[in-house]
Amino acid sequence: MPPPKLLSLAEAVRRYSWDGMQYASGAALPIGSDAVVFGRELLRQKRKNLHAIFHCNSQQLNLLAGAGAATRAECGFTGLEVFGFANGLRRAVESGELVLEDYSNLAMPLRLLGGALNWPFVPATVNIGSDLQDRSAFAPAEFPARSKIATVTDPFTGRQIGAFRPLKPDLAAIHVTLADPLGNSIMLGTEWSRFELSRAAKRVVIVADAIVDQACIRQFPNLVRIPEIVVEAVVYWPFAAWPQSSPGMYDVDEEHMRTMNGALATSEGTREYVRTFVESYRDVDSYLDMIGGERLALLGKTRTAFLLDPYRKWLLPAAEVARRQQDAETR
Amino acid sequence: MPPPKLLSLAEAVRRYSWDGMQYASGAALPIGSDAVVFGRELLRQKRKNLHAIFHCNSQQLNLLAGAGAATRAECGFTGLEVFGFANGLRRAVESGELVLEDYSNLAMPLRLLGGALNWPFVPATVNIGSDLQDRSAFAPAEFPARSKIATVTDPFTGRQIGAFRPLKPDLAAIHVTLADPLGNSIMLGTEWSRFELSRAAKRVVIVADAIVDQACIRQFPNLVRIPEIVVEAVVYWPFAAWPQSSPGMYDVDEEHMRTMNGALATSEGTREYVRTFVESYRDVDSYLDMIGGERLALLGKTRTAFLLDPYRKWLLPAAEVARRQQDAETR
Amino acid sequence: MSPTATSAYTRQEMMAIATGREIHDGELAIFGVGLSMLAGFFAQANHAPNLRAMTEGGVYGSTPVGGLPWGIECNRISTNATSFTSGLDALGCLVGSGRCDVGIIGAAQVDKYGNVNTTGIWDGDIGDAYRAPKTRLTGAGGANDIACGAKRFLIMVAHERKRFVEKVTYISSPGYLEGGNARARYGFAGGGPSAIVTTLGVLRPAPETNEFQLDAWFAFSSIEEILANTGWPLKVSAHAHVVPEPTAAELAHLRKVDETGALRRQ
Amino acid sequence: MSPTATSAYTRQEMMAIATGREIHDGELAIFGVGLSMLAGFFAQANHAPNLRAMTEGGVYGSTPVGGLPWGIECNRISTNATSFTSGLDALGCLVGSGRCDVGIIGAAQVDKYGNVNTTGIWDGDIGDAYRAPKTRLTGAGGANDIACGAKRFLIMVAHERKRFVEKVTYISSPGYLEGGNARARYGFAGGGPSAIVTTLGVLRPAPETNEFQLDAWFAFSSIEEILANTGWPLKVSAHAHVVPEPTAAELAHLRKVDETGALRRQ
């Protein structure tokens, strides 16, 4: 039986992140499951020049870009869905502080799959014939930008299609609903591209809203789409996706989605946001206090709560998780 | 709400199969989940010249080949694991009655994925450099057989790799543990390549050991890897994989695995087997009688039974399934 | 509110209903967030009960509850799903493959051949070398994949002159490219845009050229208003006609889906 | 039974233990069905508690119960898994990718460069045109993918002259092909076979040529016996030595895994 991998968030960021790294997160959607709190910690530890790989923008990338920590990004979608444009990312792109390479929402998981399978390229039947193929922010002088999405000839028909570059990020911080202390992880709600990312990344840190006993994992092995063999560390952090949502756990915090995106529209607002919502807490408890008990209760009253019911009896109490985390860290 | 898709096995085979079709099943493993009973019905309805797409051989392909119903096959593995060589398939191959095209166990799901994504080819970094690439039973005169696994040049490095032909079978009969009347399906145990097959096949018929109320599906949407939108029909048939196993439901019938494979070693034995174990039953009940209540009880006492516990309360009784099937068929 | 005889409805509601009418029962359909989701689920509620609706999130079998979902993965649409898979499954296996019958996408800019820009607004042309836009938009998202793969797709867009341009600055999602059968060069699985449904009317591609022309106006709009709000010399179809107003039933179904009244805010 | 000083054990048990000794703690390892699974789980039980074992079925975190599983997906190994995924995940993402440290495969025929045939036995060469084998075997299965992708792999095979041939009739799974760095032509992610462990001893590839030579014999075998049972002029390593016999602990651990005594049947 391998040793537990529970780590504090601070320690996980210390061990597995560095300036200039290719950092992927959540393979997230803008409203949903993403390890937003991992991005906050990257800022707390002053990481910079990050090359962000985000299937879609999320409030995490919006924050990292707005605060100037990310200087390159590759994305399929760069907005906040119904919450509008991502002001932090937008400001960084328009000012030239961040160079953004555009793909589509299918291109990104295909590139991650290509990385997971260690392919030299991935066939592309989308993105071709548009400026996603012809224009590259990473190679601006090149037109058409075939170093971004090349053309390849189908050996069976002679027909030309496109070829994507596979992705192998240095680190992926993947938000999941439930994980056991070894990193066996259960996602509720769409996987989006967390499965592909968990195999493509050189290292994977799991950020879980809750920790479950392994008995839960063995009862539902078909739900465990990310097995411990691909996981370096497990971070326990309730409401880790806040202000985004986690199906079965909590709803999107509509007010804070707007507050946060509003603040990220200016550098002053961003500094203020970082002071108030990034540097302000010491640990999980003070993070939860920062959000506020009343709001936590409200967000927790989600219509999707029933999705968590089959697993509730295996949820480990925070104290027990803390104890096991201490054991793991002191090994 | 779309109409239920419950069909009798006989009707499903009548509607969705024909002589000479490209038929895929279970994306099965030799011991585990496979729609073996669908193959029995193909024989009962005298289907012939089948082009079989089986990720791995199973007792179903062993039977179809041994009885002369399949004349072409593409497989990754052609044995019966610890039960030894597949005598029916082996005899058909050695006698030349069946032409077998060899691939590996990774090549097959990649080819199905390529079909699912409608790619013209799939990058191949395995099977190349071996006789799997150089030799083709479908194009025997061609050496090296580049019409089977071609070479393609990586546009980014100029390096040469291989290219697989995608698969799009006319029909896939996919065995699952649980399905609702619309075809939303839950698999317990490895998916092997049932996910890829369910998207690659032109038509999908689900063969389920048990039918569950849709409430079960909505409680566990992350387990529903085959949604109804890709399913044509649902066949309810307990012990559908017999003599193979179905995790959570029943163990492999070791004795019948040997009896069956022994019989398939000769054409006489095969004729006798077909008389006794294929043409002998009229319906589900007489199929179960044929296996025998004592044996069914024994096989049902599987160590894996606990895997089914979370879903038991939603299992629909046979009578209820029959009623809904009648509604569906008389529409 | 529009000044019509029948019960009051907004231009956005008319646009959503006109879009929904393009979707047929039993089809496999993919919707984006916002307007497109409302139009799609309106169709399901109103005349397409067997619609097989999905979002690019890999969320199947669900219908939004509690109003317009904040995103394609929002709990408002995840709470009653029958299946969750992935973006690769929804956009790849079901859309990029050519399997999906119809998709609905939005646009910041659309041109006479139905090419869509959702990436950015530049001051003039981009030029030979790529440069960041003056105003950065949301990017292609899944719209490019829908535009390449869906058998047909619908474009929903507010009818403003600045949005309807001769040629988009940046093609985020391909329509008919330079027109005619230019799409054939790329062997797309999908057939291209079948209609541009706007706040003023409906445009459809002309045979052969695939240049979009005015096919229909709304009771509250007119050919003149549409021409005045289109940035290229818009041709008018010989069969141009007025779109039937929403029926009471259609409005009721739409407003049931649009519980929070997103389409009634002007 | 072998005529040795220590407690009796079979040649198959010695082969399984010698194979297991090649597997190190903490490695990501993939086992096939039968002997290879017993050897692998013996290693986990004996000296590699943190072994990350998997089968190509996409079955993770489990250990067989009730004896030798009938297959890689058998209920005997599915009953205590922590994760089930798929063949594409196990053989593609984890093995074909080059991520897996070590795999164990079997062979019907193996040649001096470690190329493996599990496809068929022909009367003589196949010839220019492919023809069905006289005796059809089980095909490549996942072994080809392990041979191409695993960082290294082990071949377990009964040491019989008919199995150890100068050149296999059909390469189902590539070893070092024509020797030297011939594998480089194909850019395989994996490094090739590190050892052939047999019922008589252990063969390892020589530096540069990658031709397999005799590295060690077992207490109950001898260089002469091995040479006599090898179908090509087998070179003997300068460092050839006898393999330490199984310890009591090793035998106990192996027999715990081999509950049904598959390896004790002669």
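Note that the chains take the letters A, B, C and D in the order they are written out, and that residue 1 is the start of every chain.
Following the convention adopted for this analysis, a residue touches a chain if its C-beta (ideal position, glycine included) is under 8 Å from a C-beta of that chain, and two chains touch if they have at least 3 such contacts.
Model, not experiment: these values are computed from the prediction.
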Excluding subunit B, which sets of chains remain joined through contacts? one piece
Higher C-beta contact count, A-D or A-C? A-C
Taking each chain's C-alpha mean as its centre, the one farthest from subunit A: D
If you average the Cα atoms of subunit A and of subunit D to get two centres, how far apart are those centres in Å? 40
Averaging over Cα atoms per chain, report the distance between subunit B and subunit D in Å. 29
Chain centre separation in whole Å, for subunit B relative to subunit A (CA means): 37
Going through subunit B residue by residue, note those that touch at least 2 other chains and give them in order. 117-118, 125, 159, 161, 188-189, 191, 221-222, 307
At least two other chains touched by the same residue of subunit D: list those residues. 84-85, 92, 96, 189
Testing understanding: with touching defined as stated, what is the shape of the graph linking the protein chains, line, ring, star, complete or other? other
Each pair of chains that touches, named by its two labels: A-B, A-C, A-D, B-C, B-D
Per the touch rule, the subunit A residues reaching subunit D in their complex are 1-3, 116-118, 180, 182, 184, 199, 214, 217-218, 221-222, 224-230
As the complex stands, subunit A meets subunit B at residues 117-123, 125, 146-147, 150-157, 159, 161, 163, 165, 186-189, 191, 219-223, 306-307, 309-310
Please give the residue numbers of subunit C that touch subunit A in the complex, ascending. 33-34, 56-59, 65-66, 68-76, 78-79, 84-88, 91-92, 95-96, 119, 126, 128-145, 148-149, 170-174, 177, 183, 185-189
Subunit D contact footprint on subunit B (complex, rising order): 29-33, 55-56, 75-79, 81-83, 85, 89-90, 93-94, 96, 99-100, 102-110, 113, 125-132, 135-137, 140-141, 143, 145, 159, 161, 188-193, 195-196, 245, 247, 251-252, 254, 257, 302-304, 307
Quick one: which bits of subunit D touch subunit A in the complex? Just the residue numbers, please. 28, 49-50, 52, 54, 60-61, 80-85, 89, 92-94, 96-99, 189
